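In what follows, chain A forms one complex with chain B and a second complex with chain C.
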Partner chain A sequence: MKAITCTHLTKSYGNKKAVNDLAVSIEENKITGVIGRNGAGKTTFLQLVAGFIKQSEGKIHVLGEPPFNSLKASANTIFINDTMNLPTSLTIYEILKMGNEFYPNWDMELAERLFDYFSLDRSQRHDRLSKGMKSTFNMIVGLASRCPLTIFDEPTTGMDASVRSDFYRALLKDYLAHPRTILLSSHHLNEIEELIEDVLLIKDGTNHLHVSVSDLKEYGIGVQGESTNLEAWLKGKDVFHKRELPMNKAYAVVKKEQLDPNYKQAGLEVAAVSATDMSMYLTGTSEGGIDDVFK
Partner chain B sequence: MIINPDGTKPIYVQISEWIETEILNESFVQDEKVYSQYQLAEMMNINPATAAKGLTKLVEEEILYKKRGLGMFVASDAKDIILNKRKSNTLTKLVDDVVAEANHLDVSETELISMIQTSMSKLRGEKE
Partner chain C sequence: MMSLSEIGFWATVKRQFFFKVSSYKNAFSTLVVLQVLAILLSMGGTSSMGSGSTNVFVSVSYYSSSAVIVFSMIWCFITAILITTRAYRNDDFAFVTNRLTQNMANILFLLTASVIAAITANLSGYAVRVAAYALHGVEFVASPSLFNTPGEWLMSVSASFLYIFLLGSLGYILGTLTHLNRLFMFIIPAVFFGGMFTGAANDGFITQTVLFFNDETSFVLFMIKVIVTSSLLFILASWITNKTEVRL
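So, the complex of A and B:
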């Protein structure tokens, strides 16, 4: 079954389309990484999925129905990000108890154990927590709620390296025991690459590529050699990335299926491209890099 | 084993190669049950679908066989299949590299062969 389906999904703010004609369908009980540059529309897309905002155009179905203004969607979805509005009149422990009352699958024992493991102070107020502690607390809420659709938007902001790796481990362990649909947005694909099954690359508010991580890893191939030879070989191919190297050499990334066997005659060498690099090239704005700015 | 996510090898390939190595080391013997996708996910800190893909690769290569509802088991000729595969893939590629490098350094064919023979007798010497 599909957990999320959208077609022509668009959200405009003034004349800017934050999400623009996005179509995607995400299967149930998979962990999907939502990857994109700053301002690509990740958060707007996730807010639409969570039913926090209403689309301007197009259709979206979450767990079988449009999420906006739906009680079913809000009881079955949790959206975690660093701008979450939580009551400041309650202590963070009281917020956990509220969660326990609202979410049917809430695991209070897990929440308390994580609470103690990360040494959170039960009597603290949410707005007094440091950035990293706030993220840690939000993450506990996200995990303990065990919502059929769990959305983490940049969950690790401000967390130190050790808390980050604990979080990813906790997420994986809880997912193994209680499979559910998880969306995890991040700038850092390399951090979540092992954890996720699929990647949704968002660029300019739309679905740029939706594939499994292993397919992303085999999507492109790096080719390197004498600039002139490489230039000639690249004719008629889709080039994702190109940069100059010292000694009149150059490096380019093309689609793997376009790698014809004559690259050897052209004196070119090939190497695989990591998923992180590939996602960077795919979501980039131009073929060149920062070096082009200084030309 | 440690998964290297920055490596250019897909994680599922790293998983299947690790299981192959464990079979060669006889950590898993013929008809023994190997780890499930969930055990692998937990052990290696990876998505269970990735682990499943690694196991499926081994089933396709007939290194493992599936018993419905019970799990994956080591096939009777698993070791031979792995050895043959590694010979034809890994070793051929290494030899290609050695020959290319020898060519680059102007090492003649006879010189290269004698280098290999020296290396082999060195290995034999160490074993005795």
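So, the complex of A and C:
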């Protein structure tokens, strides 16, 4: 069964289409990384999945039904985000107890252990927590709820390096013990590369590429050599990224399947491209970089 | 593989309701403060009359809880507006809900709040009369109370409850409309004050609306009027909010 399927999914705010004709189907019980630049439409897409907002066009099915106004989807989905609303009149420990009331699979013991491990103060209010502490607390809510669909939208905002790695480790351990569908969004893949199985690259509000991490590693190849030779060789190929190097050399990334054997004659060298770099090239603009701004 | 949980409508409403009772508990401290303030204001007597001749002077003062009831109505009105604001609505979505269960839980919360406010407001009548005795040396206190006239007392509580709840439903719809479109923040006061001053004497529609409830002499009819009106207002509010989105 698919956990999420959408076709022609579009969400517009005025003239701007935050999510534009997105089609994707996400497998159940997998961790999928949702990667995209700022403003690419990651959060809007995840909010559509969580049923917080209603699509302008297209269809979306989450756990078998349209998520907007669905009680079943709400009971089986949790959306964790650094701006999520939690009642300020309750202490954070009371919020955990409230989660225990609402979510059928909630693990209070895990919640308390994590709470103590990260030395949170039981009488603290959510709005008075520091940014990193807030993210830590939200993460505890997300893990303890054990929802069949757990959505973390940039969960590590403000966390320090050690909390961050603790979080990823906790997520992986809990996932292995209780497999469930997890969506994890981030600007950058490198942090979560080890954790996720699939990658959904979002660019301009649409599904740019949805592949497994291992396929993404094999997706492109870097080619390097004399600028003129490289330029000639690149004709008719899809170039994901190109940049000038010193000594009249240049570097380009192309699709691996377009690597024809004559590159050696052109005096070019090839090298693998990491999944992180590949995702950055795919979600960015293909030509030029920050250097061109200062030319 | 994790199995999906099915969850009932009323089970969700019940959880949301208990969640609201504990997270909106500050509203009840506000009620206590307002009622105490109203009691202090009522200590001089809510109305009085007197007459006399050369040697005899009779003065009758009413010490009642009516000011406390009016304050409770205002409290319920404001609380209802408050719980329709975005921050409160979004809080619910951290947990399990949809828009219908959210509105049902809000209505149940306002019902409970109105019952509590009606009972405490009516009980405050004793405090007002005790104060009259202690401060003004009032000697004859006629006092319909829970013990000597339980029927009247219950009717008084019920009538105050209906008034308080009616104001709650009014606040709820006005809050919802304002949430729907900011323009209502200007339209509503304009319509309210316009409605008060247009039309001769008792012809303005605001006056007519107040008289529609206030001039009703039959308790049963009054009850029906309030229940029908507030139900319509809540249905309208639920219909409006059924498409609202959670914005983070």
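What we mean here is this: the second predicted complex is superposed on the first by the 294 of 295 C-alpha atoms of A that agree within 3 Å, B and C clash if a C-alpha of one lies under 4 Å from a C-alpha of the other, contacts with A are read in each partner's own complex, and residues count from 1 in each chain.
Keep this in mind: a residue touches a chain if its C-beta (ideal position, glycine included) is under 8 Å from a C-beta of that chain, and two chains touch if they have at least 3 such contacts.
Note that this is a predicted model, so its numbers are computed, not measured.
Upon superposition of the two complexes on chain A, no clash is found between chain B and chain C, which fit side by side. By the touch criterion stated above, A:H8 is placed in contact with neither chain B nor chain C. After overlaying the two complexes on the shared chain, residue contacts for A:K16 are found with neither chain B nor chain C. For chain A, the partner touching the most residues, choosing from chain B and chain C, is C. Legend: residue contacts after superposition of the two complexes on their common chain; A:A272 is shown touching chain B, with no touch to chain C. Touch criterion not met for A:K59: it reaches neither chain B nor chain C. Judged by the touch definition given at the top, the superposed model places A:R128 against neither chain B nor chain C. In the superposed pair of complexes, A:K255 makes contact with neither chain B nor chain C.
Looking at the shared chain after the overlay, A:P104 reaches chain C, while chain B stays out of its contact range. Working from the superposition on chain A, the chain A vertex angle toward chain B and chain C, CA centres, sits at 150° in steps of 10. With the two structures overlaid on their shared chain A, chain B and chain C come no closer than 14 Å at the level of C-alpha atoms. In the superposition on chain A, no chain A position is in contact with chain B in one complex as well as with chain C in the other.
On the side of chain A, the complex with chain C involves touching residues 28-29, 43, 47, 51-54, 63-64, 69-72, 74-76, 81, 83-87, 89-90, 94, 98-99, 101-105, 141, 146, 148, 178-180. Residues 30-31, 168-169, 172-173, 176, 190, 193-197, 212-214, 217-218, 271-276 of chain A are the ones touching chain B in the complex. Looking at the complex, you find that chain C touches chain A at residues 1-7, 9, 12, 15, 18-19, 22-26, 87, 90-91, 93-101, 242-243, 245-248. Interface residues of chain B, counted against chain A in their complex, comprise 3, 5-12, 38, 41-42, 44-50, 53.
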